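Next come two complexes, and both contain subunit A; in the first it sits with subunit B, in the second with subunit C.
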Partner chain A sequence: MTDTPHSLGRKYPGGGRHGRAIGPSDNGDGEAAPPPAGRRADHGETGKPKYWVLGLLFLFCFAVTIMSEAAGTGTISTSFVKTLGKTLCLCLAAIAMDVVWGYTGILSLGHMAFFGLGGYMIGQWLMYARTEAIVLENLASQPIPATPQEIQNAIGSQIFGVVGSSDLPPIWGFAHSLTLQLALVVLVPGLLALVFGWLAFRSRVTGVYLSILTQAMTLALSLYLFQNDSGLRGNNGLSGLQNIPGHEQTSQAVISLAFFWASALAFAAGYLLFSWIVSGKMGSVIRGIRDNESRVRFLGYPVEGFKLFVFTLTAVVCGLAGALYYPQAGIINPAEIAPIASIYLAVWVAIGGRGRLYGAAIGAAFVSLLSSWFTGGGAPPLDLGFYRILWTDWWLVLLGLSFVLVTLFAPKGIGGLFDFLVRKPEADREGDYGPDAGSRRAEEGPEDEEART
Partner chain B sequence: MRLLKILAALLLLPAAVLAQDVQSVLQTHAEEAASPSRRSVGVLLADISASGAPETATFLERYRDREVWQRLSDGRFYYAEDTGDRTYTLIDIDTGAATEGVSADDLEQIRPNGGVQREIAGALVAFQLSDPDISRRRTAVEAIARSPSEDHLAPLRASVDTEPDPALKARKEQLADLLAATYGDTPEERIAAIEDLTGSLSVEVRAALNRILATEAGVATDLPEANIARVLEPGRDLTEAAAYGILVSEGLAQANPTDAEIYTALTQNIDGGTVAGVPVALLGDPAERLRAYDALAEAGAVPRRIPPEAIAGAVTSHVFFESYLEPDEAITDAARRVLSGIQTRVGLGQVADRTLDGLSLMSIYFLAAIGLAITFGVMGVINMAHGEFIMMGAYTGYVVQLFVPDYTLSLAIALPLAFVVTFGAGVALERSVIRFLYHRPLETLLATFGISIALQQLAKNIFGTQARPLTSPDWLAGAWAVNDVIQISYIRIAIFVLALIFLALLLFLLNRTRLGLEVRAVTQNPGMAASMGIDPDRINMLTFGLGSGIAGIAGVAIGLYAQVTSEMGSSYIVQSFMTVVVGGVGNVWGTLAGASLIGGLQKGIEWFNPSNTLAAQTYMVIFIILFIQFRPKGIVALKGRAAGD
Partner chain C sequence: MTALTESEPRSHERGERARRPGATLLEVSGVSVTFDGFRAINNLSISIGEPELRAIIGPNGAGKTTFMDIVTGKTRPDEGRVLWGEKSLNLLKMSESEIARAGIGRKFQKPTVFEAQTVRANLAMALKAPRSPFDVLFFRPGPDVAARISELAAEIGLAGELDRLSGELSHGQKQWLEIGMLLAQDPRLLLVDEPAAGMTPAEREHTTDLLKRAAEKHAVVVVEHDMEFVRRLECRVTVLHEGSVLAEGSLDHVTRDQRVIDVYLGR
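Moving on, here comes the complex of A and B:
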């Protein structure tokens, strides 16, 4: 896609393959600025699948398989394979976040809550099934076989003894069935997003307000889960999730590799799905919503419907990513759902570069791996002579400041570097939210009044 | 009422005449003192109490505790200490002078019996109740309140009239009523005492009334002649199983084997892979278990199960009731009446107490959020680092206390200093980061989040992870207690006052000063304000500094009652956001309304479930999400062109 259309006819392309179906945003003086010549080229955000991303991913997966303990030389440890698998899940959540934020302009501070909910749903089955196996084994040594009620009670007290209860709450009603819990992985985050999004978009809450509202939702959810009587073990969370029922004899090395591949496939599928969504006609509409919501509405598009669809779909994908993540992490507790987690997700996407899917994935992988390297004590201390910088103490300071710098000076994030590589022209959007030149504008003006209220 | 007479006699005698020492009084009644009897000891006790000797209380205590000995050779009384080898050291009662090496043969221990001991104790309390030293009187009254007994009633009543201190007198009267309610001689006296307690909110009054109203569960075939509190209907007031349980525990019915007992019986009777003919493998089915158990019972190996009809029959043929331990119906009626009146007032008091709690929470939210509201209103940017400015203010207070040990003075320094520090930090943040992002409000959110995590970690690196104390001055310690139900700590009152001061200051600043005019102009229309000669850059900078400075002061206030940690800011930030969003942007009253709504709501929800503040917060957030549906721009929304869209 290196065509450079100069004709006015291509300025409002019906197919909207160029992401500017709505037309250029004005500068607030009511005068539509003609698009600068030579800037109409395709760039990252039209989101045509970048097959080289998938190619790289599979090369990477084969490399990891060859070096893993289970199927290869054992160069890298099982725990590192798990870390890589978890990182792929985070990348999947990050591209979902990119679609909802970078493409649609909804800065959701709740997508990690959906991620955690997915984890909780799969965790219920993992924990129930494993506890059931243990309980059956224990009861088998009894002189007479146990009644179903006794088995239920034993499972209940095994799981809930830690919060001083012994009854299985009703929300564990589906926990015996993997199929039903898998359905819940999709349904629970999806329905929550649907109801919340419907309420929020219907009342035209936008911009910063919407961010705070999603943050409030996340806070409410995590506070609810922190309660011991929430039915999900309060702040103990669900644990022992790395043991897969029915595969007790399988070594963790094999399980970790299987989950790594599953995460990679999920990421690939998610990448293709989102690429398809943002590259088509719909992609043009949602980018239009990001750049100027009122204008899209006036053109007759059902803005709320588009937003709701994107919000719900990304929530479902986040839930699935969480369902793959937490069996690898082994434990989930309400702290994982706290608002800060969702803010970090936004941070990854911003550092990676909004408005291009591979950028978000790179950001998530880069920051989360770097973060675990620094906080895990992997980074050597920096000796300044008068002060020794221990990175476990100073990493967050560094991350915070570098995030400010990225926001200020590199709004395109890491993904922006690719523009230098392939000599892509500069992005031509001048809207309010995107990785644009807005921060470098000199003049004050009422251009973004809507965003300011 | 012997003691009453004693005390009356005591009070009638002029004090000057009474300047006698204990020994001489004892010598006057030597025979009584040596072998006291319950009937006759009163005169001796009266005279001793009347003597006015400083040693009286000590003597009475030791007399009661059988530590007083008489020397047979001269008939005088002493305290004695065993020095072994059948010799004692005698200590003079009045002077404390010791005489060593007195043979046991010359001594006799005085052993007041139980009845006499009670008389002495009564005299002792009476003595302390009329002690000239008010603190000793108070101690005596509190001693009675702690362990009330029948003996205390008369001396307490006797001491009421002569009590000079009005507060203590009221206390004594109430205590006398409390004692009389339980220990009064006649039902009339007790009822009168109970009715005197009407309207008292104290915990001990409620406890005493509840003691009078104590009940015990009972069961009989017919309702007995007793002071019945209520009759329990099986099926409505208690389940049939519970009713049958009562019958079993009273020995009126035979126990039905529980599941666990059935299980044990079955395991004990396994016979070659079967239990009473039922194969063990089938026993996973509850019905099969019962069949096997019944077969065992048939064979006489275990007690039979009681059929449901028999249980129902046993339950219906008995009446279950609760009866008062107190037999007199008139007394329990009076107590119930008074107690229900008290409980109504306690309920009202609790509402008032909650309201005060809500007010204090509201003022905290107001202080935490008002700075945010100003910056958000004027600049349309949200400052995620606001919570860290709160933390910065609190740490400023902590550092000041390290250098200035006087807490009042350090607080006086810390408040303005916190403002200066956070004002500076706010201006620096605005100049270095935020002004470049005015056109991208969402990115401000993220950039300030970066600042927030950096500042948080920086505070952790400097001050460590453990909580640091910010001690309040003595005059802010303690709580203002209206009565036993309504009380609020002085710190919370101080925070409330602080919030009021800031409300007034901000209203003045925004509505009556040039700066306020310019701020309002920029809030409503920055472009127009700029063309009128107002420098929006300067206004933005000052407003941001002002908002941050208030956050710093809020930090000192919050630090006084909560602990200072590097994470304290983040626990207020989301609430602050919600306060701003609910209240509406760019208006001090809006923030006040938002803070009232959120603070009041949180306390209101806690009212229903006081033990669970997490649930209260959850429901509050859900309520706010729904609230935004109806007022997307908050309670106080800017209207018309000022609204910006």
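Moving on, here comes the complex of A and C:
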């Protein structure tokens, strides 16, 4: 887990400096040469991938817009535009997961719960406002205008008839207001993460125990939401979220494209935010916490505060991503919050490559799109003669297998492939070169001197 | 530097005898720690002044590292007091990071640097600056930071290695980097655990110079096995044995002590 994702380029200046690797006894007498240009330092996400990602994202969005049904060409179906928009939201959750896991070393199995909570919060408003519009339309034909109480009751029985109730529970108290529900999109995941994180980090729960704790939180939350009296329609969840109140006349083609762009912008903003956080001193400290927490503590950094900051911030970003995802998905139910969703998130980040933001995004996009291709029946069955592999049944086996293989043989994930593209020739530090690996033999000294001048 | 080592022994020795070192900075009194029935520290009392250079020696298991663990908050003692500074803060009630911010820096026995990060990043992280998450997030290094890092790097002989990953450094260089990180924190008390391990004779000499210079203004506590190294430090020596102080004084004084010879030197 300590493999650094940042040593992309040449690790070592090479050339005449090798002879100096032996010891610091010659304490830098006039040898403080400026670092050679083009050398990569370990500053977290360096500038380049950031511009590549955002540039490609913009081109991609532009291409999707042109090819969408909303633009008239219709090369890409509306449902596929929705899939792409949802994928961008998952990518946003994945880069948040990468910051909390890949950079800070907290393997949270709860970030999809925050994602789901964001979805529930926006879903409450979407459902309430739409039901209200329908109720008002129905009541408009009656001779006597309905009282607010009657309207409220009608909305309540519309939404909660399915779980055998007609009262709006108190947690729907803000559902009439988009502004308040949007605030809750941030506050509910944020406060849950803050309180949970404060309790967990303060007691110095780390490693696999922390993962289990976050998973327990996720499980408890989804089990609670499965109950009919949870106030959020039990296992029915919230539905009809693709219908945006006030835009009943707008076609889904246009709405899907608007959400696609909103998701892309949110992803871009999230990417910029996280690449700022993981660069510079903050990135240095959180990677220090990942690699050696107690050493960071002995340097005087309040480790718990840093963890809490990262945990809460990434939870809020996941909540926002969820709030953009579920209007595109159209439905949310407690199964979306179940621990398996958060485990998938970790699998995406691991396959994409921990410790680099673009890796996590690639992992999420690649695996989730592949997953919908396989499970949606897109992949042709594989005929082995004695057995026919139907991918709808075997996809999870394939995913599990590739997760194991990636962890064992390519710990840097898909993102690690980019190292081959940008890697410059590295000084050979292996072999018989003197007292430590990589330092040259004494007889090579004169040659070194020549190379230096 | 040679002139300094020539002249300093006598003046320092005289100073050592003539007066107690400056005001007490750290006061450890009556501290005991038991690990699973084993008494690692037994009614230990030590006080360190400011400025002062102090060496702690003793056989394996004497409690030298445990003493440092207690002072830095890593281990909580069963009983006793650890007081710090003019206001006599109770260190036992503070967390590791609070203790570090109060001005106690530590170099570990096994060099622990952040191997996945560059020498520069390691030093920058250690450099004295506000430590809260938001201070760190909005931290923008000014030219003074770069200058201080170069200065430290020159001091520890790593000026040419600033942009290398510290995991690539040799053992001795990691030792140096950790000493550099300790100096970067600018603590009032430096706890240095076996600094000379894995160093060449020339490097050891440089380390002694460095520690002595640091001890002109700060309190420095050095745990070391190497008697030659301790001799070069020319400072007051505390001998620990079975978790308590066996003898204290100049090196010549303690090495003449029969009990010290029996438990430590005689072996």
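Just so we're on the same page, the second predicted complex is superposed on the first by the 373 of 453 C-alpha atoms of A that agree within 3 Å, B and C clash if a C-alpha of one lies under 4 Å from a C-alpha of the other, contacts with A are read in each partner's own complex, and residues count from 1 in each chain.
Note that contacts are C-beta pairs under 8 Å (C-beta built on N, C-alpha and C of every residue); 3 or more make two chains touch, one makes a residue touch a chain.
Keep in mind it's a predicted model, so treat the numbers as computed, not measured.
With both structures placed on the common chain, the touch criterion links A:G280 to subunit C but leaves subunit B unconnected.
In the superposition on chain A, A:F309 makes contact with subunit C only, not with subunit B.
In the superposed model, A:V208 lies in contact with subunit B only, and not with subunit C. When both complexes are overlaid on chain A, the residue A:R297 reaches subunit C alone and has no touch with subunit B. By the touch criterion stated above, A:P245 is placed in contact with neither subunit B nor subunit C. Within the superposed three-chain model, A:G288 lies in touch with subunit C and out of touch with subunit B [touch as defined at top]. Once the two complexes are overlaid on the shared chain, A:L396 sits against subunit B while remaining clear of subunit C.
Comparing the two interfaces of subunit A, the one with subunit B and the one with subunit C have residues 438-439 in common. Listed in rising order, the residues of subunit B touching subunit A in the complex are 263, 266-267, 270, 275, 280-281, 283-286, 289, 376, 380-382, 384, 433, 436-443, 445-447, 449-458, 460-461, 525-527, 530, 536, 570, 574, 577-578, 581, 585, 612, 614-615, 617-618, 621-622, 624-626, 628-630, 632-633, 643-645. Subunit C makes touch with subunit A in their complex at residues 72, 74, 95-98, 100-101, 106, 108, 112, 114-118, 120-121, 124-126, 131-134, 136-137, 139, 141, 150, 153-160, 162-165, 167-168, 170, 172-173, 176, 181, 185, 199-200, 202-203, 206.
On the subunit A side of its complex with subunit B, the touching residues are 107, 142-149, 196, 199-200, 202-205, 207-209, 211-213, 215-217, 219-220, 223-224, 226-227, 339-340, 343, 346-347, 350, 393-397, 399-404, 407-408, 411, 432-433, 438-439, 441, 444-453.
Only residues 2-4, 6-7, 11-13, 17, 20-28, 31-33, 35, 39, 41-43, 277, 280-282, 284-285, 287-288, 291-292, 294-303, 305-306, 309, 429, 436, 438-439 of subunit A touch subunit C when the two sit together in their complex.
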